[in-house]
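Letters A, B and C name the chains as they come in the text, with residue numbers starting at 1 for each one.
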Amino acid sequence: MAFDLENFLKSLQEAINYLPVTIKLTVVTFVFSLIIGSVIAIIRNYNIPLLSEFFAFFVTVYNGLPLMVALVIYNLLYMNYYSRIASFFHISKAISDISPIYVGYFALIMSSSCIYSETIRGALKSIDKLQYEAGYSIGLNKFQTLRRIIIPQLIPVALPGLTNNLVGTIKGSNLVSAIGILEVMGGAITPCAISYSYLEGYLAAAVVYWGFSAALEFLIKRGEHYGTRYRRSLA
Amino acid sequence: MNEYFDSERFIEDIPKILPQLSVTFSIVGISIFLGTILGIIVAVLRIKNIPILHQILGIYISFMRGTPLLVQMMIAFYGIPLLIWNLFQININDWSPVVFVDIAFILNEGAFLGEIFRSSILAVDSIQTEAGYSIGMTKTQTFLRIVLPQSIRMILPSYGVDIIGVFQNTSLVFTVGGVLDIMGRAKTIGTATGHTLEAYLVVAFTFVIISLILRFVFYLINEKIRYESKIKVDKRKKHIENL
Amino acid sequence: MKTVKKDFIKKNLKIKGKVLSCGTILAMSLFALGGCGQKVGVNADTKSSSDSGKVKKIIVGSGNSYNPYCYLDDNGKAVGYEYELLKEVDKLLPDYEFEYKTMSFDSLLLSLESGKIDVAAHQFEYTDEREKKYLFGKEPYTTYITYISVLTSNNSVKSLEDLAGEKVRTGGTTSASTTIVKNYNDKHPDKAVEIVSSSNSTDEEVVAALKSGAAKATVLTKRDVEKYNKNYGKGKDFLKVVGKPINNSKTYYVYRKDETKLQKKIDSALKKLKENGKLKELSIKYLGGDYTESE
């Protein structure tokens, strides 16, 4: 049972073939969760009467649900109730045309939105109240202050935390293999069923994930370096 | 919905699933205890900046943080017997799969906690270390008596979040095969009786309730530790309001 | 000037340190993994053949999610056809003592190879890929003929060719159905079917997928189809088999390649059980019919 280099390279090739699936899962989740998470964080920050209490409760409870448990439950519900939901919403697509990856997207986006909203809310809290007052004092309304003054100050503060969360999302996209969706790990172990050399397959998947998250982290750090190029001279 | 989800089956499944929480808690307990020790060692070694060890630990931490826990568990499950056979000629075919899961969790925790400890230890002002040296304490004494207690206040929030994260990560161990924690038991109930949804819902409720309890416990601990900084903030607020 | 030299040395050391550390890690991992290259299970076999007079402990592995062959009852004990049959085999072999280990299906063959178990029992069909790595028993104990199974309302699918482009559910990654359908895909790339295989799927999920149309077909034996019809059909049959068999095989116990002595002994025990009718009796009791020779 020595380490087989040929099987490792074969698995590596298959894993990279499925990298687009992981990239799609990660990027789509990131974009949607960022939007939804920011909305939740802003609502909670401004203490809008009913919604902020609801979201506080929802985020606290949903953060307690692991992604894997949520995935399997959504998968079961999806397959049993799709017909009822589709007729309720008058969607004419048959279930066989919808790829099961949408269940994965739904679970990932729900989970990531709650996590991102916590990070963004923490960054939002760190911005001094004086900035809001400065905006109101020159006649901007709430939305304009947010867009022109708060959010530009928010991004460099939130970026390290969001990078961490992005890596977490990449690792979360790995779990959709439990539903039967083929991504990097699923692709890496398909040759293994024939050669029964699982260690090489999982090592290949690990290498691909490691490279992908290292590359993303590096890119974001470069972007952060570029983005805060005027701020650095102040410190 | 009535034929698919039955609240009677839901209640029946509860006493079947909850006993397996002992497996879950054993994994969480062992990995946090040994993971903390490993994390302290990793953090201290990284802070000292020993040339080659620093780089090796950097690669180890980057690997643990960049790869998913599921893949790490599988590598531990398939690779460690091979490793030990090649190095020591010992056949570890009697070890239960929980041991490999524990090893994967400990290594994972060591990396994450190592980074948390390192950043919070470095965040303690260097003035404190100089103060320690100035009254004649050795390096180790300053570290243990002055720097470490002050860093704990910064570690505790992240540490609490990390522990809750470990607890939620145990939902993955049933895929390794042979580990019967609450998720594994739910799946076997599903295959034995043909009704999986209630079992998984029991598991979901268990996770949410225990996570909420843990969050509340850590909230209380953090509040208790923060009491001095709370007083300072109030004083400053009063000063600004008086202006 | 001194500081410039110091910085240069530090930078040099950092780069040297990075290269050296990468080198050491690579070397350590290659040595540790490549090392001696011997099979892990060899030790177990030499151990078992050395003491020939005493009762030898044999670790038998089976699954926990295949009703009615191997599953966990309400108290978490492993029960099912496989376990009962193994107990009967154990009774006939006085110089072996069986100890049972329960694990998920996908880790059975791996545990066999690494020496965690000595016999794997989970309705294993014969495939060429498995034959290359493991030793099959010579005596089968049930039949296992798999067909394409579709909903009774589906009259257009008669073989794998009719399913080109559709989703077909197979077992986990190590299941024989997955390997066979994948081989079919490799031979007919223009008529390939989309395989949905999940190691964690339960019967309920497969039934829900078929009923709702998320998957067009699955690969099952006739008696599994009867089981689904009974448990999920609510009186009506909703699943049927079509076409020629995908794999016409019987089930065997699986051993490591060098365990010929163990294989011969268990084969002789199985033969005895067939002759005295005990095998048929167990099959009728746990599987609802005699599936030992025919389907």
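Basically, contacts are C-beta pairs under 8 Å (C-beta built on N, C-alpha and C of every residue); 3 or more make two chains touch, one makes a residue touch a chain.
Quantities reported herein were computed from a predicted structural model and do not represent experimental measurements.
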Of all the other chains, whose mean CA position lies farthest from subunit B? C
Could you quickly compare B-C and A-C and let me know which has more C-beta contacts? B-C
Between subunit A and subunit B, what's the gap in Å when you average each chain's C-alpha atoms? 21
Between subunit B and subunit C, the Cα-mean centres are separated in Å by 33
Separation of mean Cα positions, subunit C and subunit A [Å, integer]: 34
Mind pulling the subunit C residues that touch 2 or more other chains? 33-38, 40, 110, 114, 200, 204-205
Which positions in subunit A are in touch with at least two other chains? 1, 3, 72, 76, 80, 178, 198-199
Indicate the residues of subunit B shared as contacts by at least two other chains. 78-79, 82, 85, 175, 196-197
Interfacial residue positions of subunit C with respect to subunit B in the complex: 13-14, 16-18, 20-22, 24-25, 31-38, 40-41, 43-44, 59, 64-67, 71-74, 76, 101-104, 106-107, 110-111, 114-117, 199-200, 202-205, 231-232
Along subunit A, where are the residues that touch subunit C in the complex? 1-3, 72, 75-76, 79-80, 82-83, 94-96, 98, 100, 178-180, 189-190, 192-196, 198-199
Tell me, which parts of subunit A touch subunit B in their complex? 1, 3, 60-61, 63-70, 72-73, 76-77, 80, 167, 170-172, 174-175, 177-178, 185, 198-199, 202-203, 205-206, 209-210, 213-214, 217
So in the complex, the part of subunit C that touches subunit A is made up of which residues? 30, 33-40, 109-110, 113-114, 129, 133, 166-167, 173-174, 178-179, 182, 196-198, 200-201, 204-205, 208-209, 212-216
Residue ranges of subunit B touching subunit A (in the complex, touch as defined): 4, 62-63, 65-72, 74-75, 78-79, 82, 85, 164, 168-169, 171-172, 175, 183, 196-197, 200-201, 203-204, 207-212, 215
